[in-house]
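Shared between the two complexes below is chain A, which pairs with chain B and chain C, respectively.
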Partner chain A sequence: MTQPTRPTLDRRQLLQGLGAAASLPLLGGLAAPAFANGGDGRVVVIGGGFGGATAAKYLKRGNPALQVTLVEPQSTFYTCPFSNLFLGGLREMESIAHGYDELRDRYGVEVVHARAEDIDPVAHKVSLTGGRELAYDRLVLSPGIDIRWNALEGYDEAAADLAPHAWKAGPQTRLLKEQLEGMEDGGTFVMVAPANPFRCPPGPYERASMVAHYFSQHKPNAKVLILDAKDNFSKQGLFTAGWERLYGDRIEWVGLSGDGRVTRVDAANREVETEFGTRHQADVLNVIPPQKAGWIADRAGVTDDSGWVPVQPATFESTRVPDIHVVGDATIAAPMPKSGFCANAQAKVAAAAIVAALAGRSAPEPYWTNTCYSLVGPEYGISVAGVYRLADGQIASVEGAGGLSPMEASDEVRRMEAQYAVGWYNAICQDTWGTEA
Partner chain B sequence: MSYPSPLTTRLALAGALLFTAPPLLASDAWQRLEPARALVGDAVPEGDGLVLELPHVSEDGSAVPLTVRFEPVLEDDAIASIHLFATGNPYPEVAGFHFTEQAARPEVSTRVRLNESQRVVAVAVSREGRVWTSEREVRVTVSGCLIRGDEETPEALANPRVSLPDFRAGEPGEVRTLITHPMETGLREGPDGEVLPRYIIETFRVSLDGETAFEAELHPSVSANPYLRFYLTPQAEGEALFEWQDDSGERAEYRAELTLS
Partner chain C sequence: MRYLPPGLGRGLVASLALLAAAATHADDLQIEVMAGGCANCHGTDGRLSGAVPPLAGRDQALLESRLLAFKHEEVPGTTIMDRIAKGFSDEELAALAEHYATLAND
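Entry: the complex of A and B
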């Protein structure tokens, strides 16, 4: 998780210095696409996760004549969705691994395994590790999140090797699993949960559930303590009821008003301190730190002072820099949550808008759906669903659509939802990478 | 790795992306608020100085973090109070903070309720009657994954918490306080469909050796379990008394011996 050192004056400051911070509304529509090669247009997609892989595929499906290049450093992508199930001992890492063969072989996407190092939004060029440059007519960014190192005192990259975040799936997830396995029975797993907004609002609580499940099988005397910077969280009532039902008092949650906000981390001693001076000793410490849009978005000049990327909802084109579309966790798309499901849905909207724009048509009217399933236990699933449309140029929830799992439900209903979760996972991975889990 | 030189990029950008800054949004929302007009009186609000920090977009309108601070150092004058208003709430008054020489840095953080997307207004008044205003637009939208059911109501005035720094004489030190209280607005229905009566903490006061150093008046737009972060500038060692008083007449307190280093 190393990042290249950046020049002192970053692109974002430059753009802001020039007044671009104001707004860049429809500039994208002004410049007619100039196709160097006389083809149907070149689109570069950065990031091969939920948003990027979906965008690459749907661009090609929308117009096979487009030249689509996907830039992603890893040749195997591990999904965060279901990585909690790996921690719970329900799955192997291989079952959440996906590759890019289908995008390449079936859809004709050029897949380049490199990291985008810089973006020149004026010359419409992306430079990659290894020196290659890619020119684009339209650029799609789906870089996901980056950690705000040191935003939480004591939590830097070195601390993450001792107290993993595991908020990007891969080596961090394996490290956390190893630590859980190495922990003595009777120990405490402490999770530090962040304030909004962050990747996957129900994710911390699903993780706590899965760790509690693992403990119930292997370390019957171990505890889970969640220290939260919020007073309420996604599907709270459902999680709390499920925890009681399955795990008794194994999981303790301390919210913001109970002095749950951690303000200092001592990773070496696995100790954390809260805002009002309470110290908690962990045997395994999982810090889910404050986050921001992936740093390449800064290089493109599309982030605002919140660290996230404002977009035009109808097309997911940046409000700041023309011809750059940003999707997924990096964007400000509330009320849509930062979920894999939303990244996939937004990518389809951006792909349709780009296909239309390059053909000189206007973008179709979008709508989006989202369902977040969480597993409280192997046979105990809960969900929240939403439908979103444009209202007054902004994304709005459609009233009455979607909703939560019922608070009162039979074990059978919870078991069915756990199965739907697996069905959902298989379907979205199939849709995104074309690979079965 | 090579980066384009900032200068080339700057020139190129200047050519390609030249925009004129939009006219400043009129910052006069305070004029539509009776209590804010009363504060401003005949004074003409001055420009920069009062800074209001709020997220542009909040995913949870029940507790939106807010910081307000007055930055310049005034000569022969000081900020006496800062007042917050939420223009789109049923009761726009949010809170008023009163500073003294023993709370000489005018900066406060708290958490507020915002009913809907709206403009939040701050008004600062100095001892000499000078006035500053500041405004911020906040979009409130409940994130899809955050929809939730009924929450538990916290027990009132239980567990006052205070975090104190190591004070140095004459220097502002950051203080944080937190207390449980439902801060019932008087607008919400309980589970039985009956409107729950208003029930809030109305005042919070810090006294240093019997003398008021910092005071806050709170309204229903302050979030449940009021949180306040502010600065004290104790001049001498002595006892600090923190008091919360609610509208049912109940009170909670916290005492600490202040030492200076």
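Entry: the complex of A and C
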């Protein structure tokens, strides 16, 4: 994504001052207008993905009198979840496309297809491409991720046209699919996997699975090589067992201690070099690079030095800037992962907190859940779940709940999990965008 | 950090149940937040039919006993609901059962 850049020196200093002021009760009270119970208020939501669309919908469900405006440049949103199934030949792109009709027509959300260019947290205003300004009492940012271009040597925006990341679903996903289809049988698909934290921890390994499935159907002599910057990954035991079961030795994974960390990318030649100088030649090269919170979070001044957004767990309000709530992949919310499910769950907590605050009430006690399904094969699903609550003011996994699919399970259980993965996708897309499967 | 559900949470849910007959706006918000995760597989208000069964409008006692059975691993062939149900106290599961039983299923 290309974004205009402007000097931010004064803004940084200003926001640091604001953050300090927010802790003073008097100023905090002035910053938050008090509405009567059920009164109205203006909420602007930036970003129409799992977090933003859910926030807009549940704000209106919580209080239909609120004026809710959703700002999202695209009129069609493609989900990263199930984009791997498109790569595997199990789905078309149209089946992971969602729109904003339900938000507009059923819930009365004003949907504006423009890009938010700047945020003035003092005046409580968002400026959009085309010059429009939106005033807010509360702002919700669901900015997703941006790529840290050049954090990995040689991987810039031009390189992504040759060696796609496909870590934002859309044209990049189609490009990777075209490259896979155009690859000769006997070729090698090389995936570069990043260090933590990054969007969708099991995503690279589901992608490797789906590419291996596609090869098993269309290019029986092709291989998958994963070069990983870490030694452990999400659902590792389940993936490894599934790969061996379904794909034999087609998928090879090289972790950090096996010299798997890629330090240089030569996209034009589809070659990568690792930390200790090993060079790998790819026929199709997929680089999943280091990431950070989406660009608009920087403009709002809510990111910290890590590039991600610290939040108050009970409300997902920024710890740095009052009246701005941030949800989804952009946030620091461990032990919750950066998943669409979590973005949806965090958005519901933030929406309820905003509805309560604008009515002069305290926020409800938060509850969060996560379930991440991954398909190893079309009829082979695995999952990880988590249930989260507040403990001593921090997000904590509930003792004894959640966890992985069992390592030992029948084919029937794996088949059911693959079906439930589809059920989950249909349900969360209905809940978020109103899409009828 | 790991965490056990505190007495406070259970007390809150018990109060919710008591107030259910005259639910206020604030209580609606609390149960909507508690039930928030259900929608991700069962659809908004638990109304979606598909691979995953709907929840809205089903018998309250049935829903509650089913949730407790998941929690205690008494449902053969369960994939994920055992892992989820263990994250809620018995009182919370009862409040969720009541919530979904009172929603219309259309």
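Note that the second predicted complex is superposed on the first by the 405 of 437 C-alpha atoms of A that agree within 3 Å, B and C clash if a C-alpha of one lies under 4 Å from a C-alpha of the other, contacts with A are read in each partner's own complex, and residues count from 1 in each chain.
Here is the rule we go by: contacts are C-beta pairs under 8 Å (C-beta built on N, C-alpha and C of every residue); 3 or more make two chains touch, one makes a residue touch a chain.
Since we're looking at a predicted model, the values are computed, not measured.
**Student:** Aligned on chain A, chain B and chain C: do they clash or fit?
**Tutor:** fit
**Student:** Is A:Ala268 touching anything from chain B or chain C once the two structures are fitted on A? First, second, both or neither.
**Tutor:** A:Ala268 sits against neither chain B nor chain C.
**Student:** Looking at the overlay, what does A:Ala65 touch: chain B (first), chain C (second), both, or neither?
**Tutor:** In the superposition, A:Ala65 contacts neither chain B nor chain C.
**Student:** A:Tyr367 contacts which: chain B (first), chain C (second), both, neither?
**Tutor:** Second partner only, chain C.
**Student:** Once both structures are overlaid, what angle do chain B and chain C make about chain A, taking C-alpha centres and a multiple of 10 degrees?
**Tutor:** It is 110 degrees after superposition, to the nearest 10.
**Student:** Output check: A:Lys235 vs chain B and chain C. Expected answer is one of first, second, both, neither. What do you get?
**Tutor:** Touch partner of A:Lys235: chain B, not chain C.
**Student:** Using the superposition on chain A described above, determine whether A:Ala359 touches chain B (first), chain C (second), both, or neither.
**Tutor:** second
**Student:** Which partner does A:Ser257 contact after superposing on A: first (chain B), second (chain C), both, neither?
**Tutor:** A:Ser257 sits against chain B, while chain C stays out of touch.
**Student:** One more residue to check, A:Ser397. First (chain B), second (chain C), both or neither?
**Tutor:** both
**Student:** Once both complexes sit on top of each other, what is the least C-alpha distance from chain B to chain C, rounded to whole angstrom?
**Tutor:** Nearest C-alpha pair, chain B versus chain C: 6 Å apart.
**Student:** In the superposed arrangement, what residues of chain A touch both chain B and chain C?
**Tutor:** 335, 370, 385, 388, 394, 396-397, 402-403
**Student:** Along chain A, where are the residues that touch chain C in the complex?
**Tutor:** Residues 37-38, 57-58, 61-62, 335, 341, 344-345, 348-349, 352, 355-356, 359, 361, 364-371, 383, 385, 387-389, 391-392, 394, 396-403, 405, 412-413, 416-417, 419-420, 422-424, 426-428, 430-431, 437 of chain A touch chain C in their complex.
**Student:** Which positions of chain A touch chain B when the two form their complex?
**Tutor:** Of all residues in chain A, those touching chain B are 4, 7, 9, 11, 14-15, 17-20, 22-24, 27, 117-118, 120-123, 127, 129, 195-197, 200-202, 230-238, 256-257, 259, 275-277, 304, 306, 321-322, 332, 334-337, 339, 342, 370, 372, 384-386, 388, 394-397, 402-404, 407.
**Student:** Spell out the residues on chain C that touch chain A in their complex, using ranges where they run on.
**Tutor:** These residues of chain C touch chain A: 1-5, 9, 12, 25-26, 29-30, 32-34, 36-37, 39-44, 48, 50-52, 77, 79-80, 83-88.
**Student:** Touching chain A in the complex: which residues of chain B?
**Tutor:** So the residues of chain B touching chain A come out as 1-4, 6, 9-10, 12-22, 55-60, 62-63, 65, 139, 141-151, 154, 161-163, 176, 178, 180, 224-225, 227.
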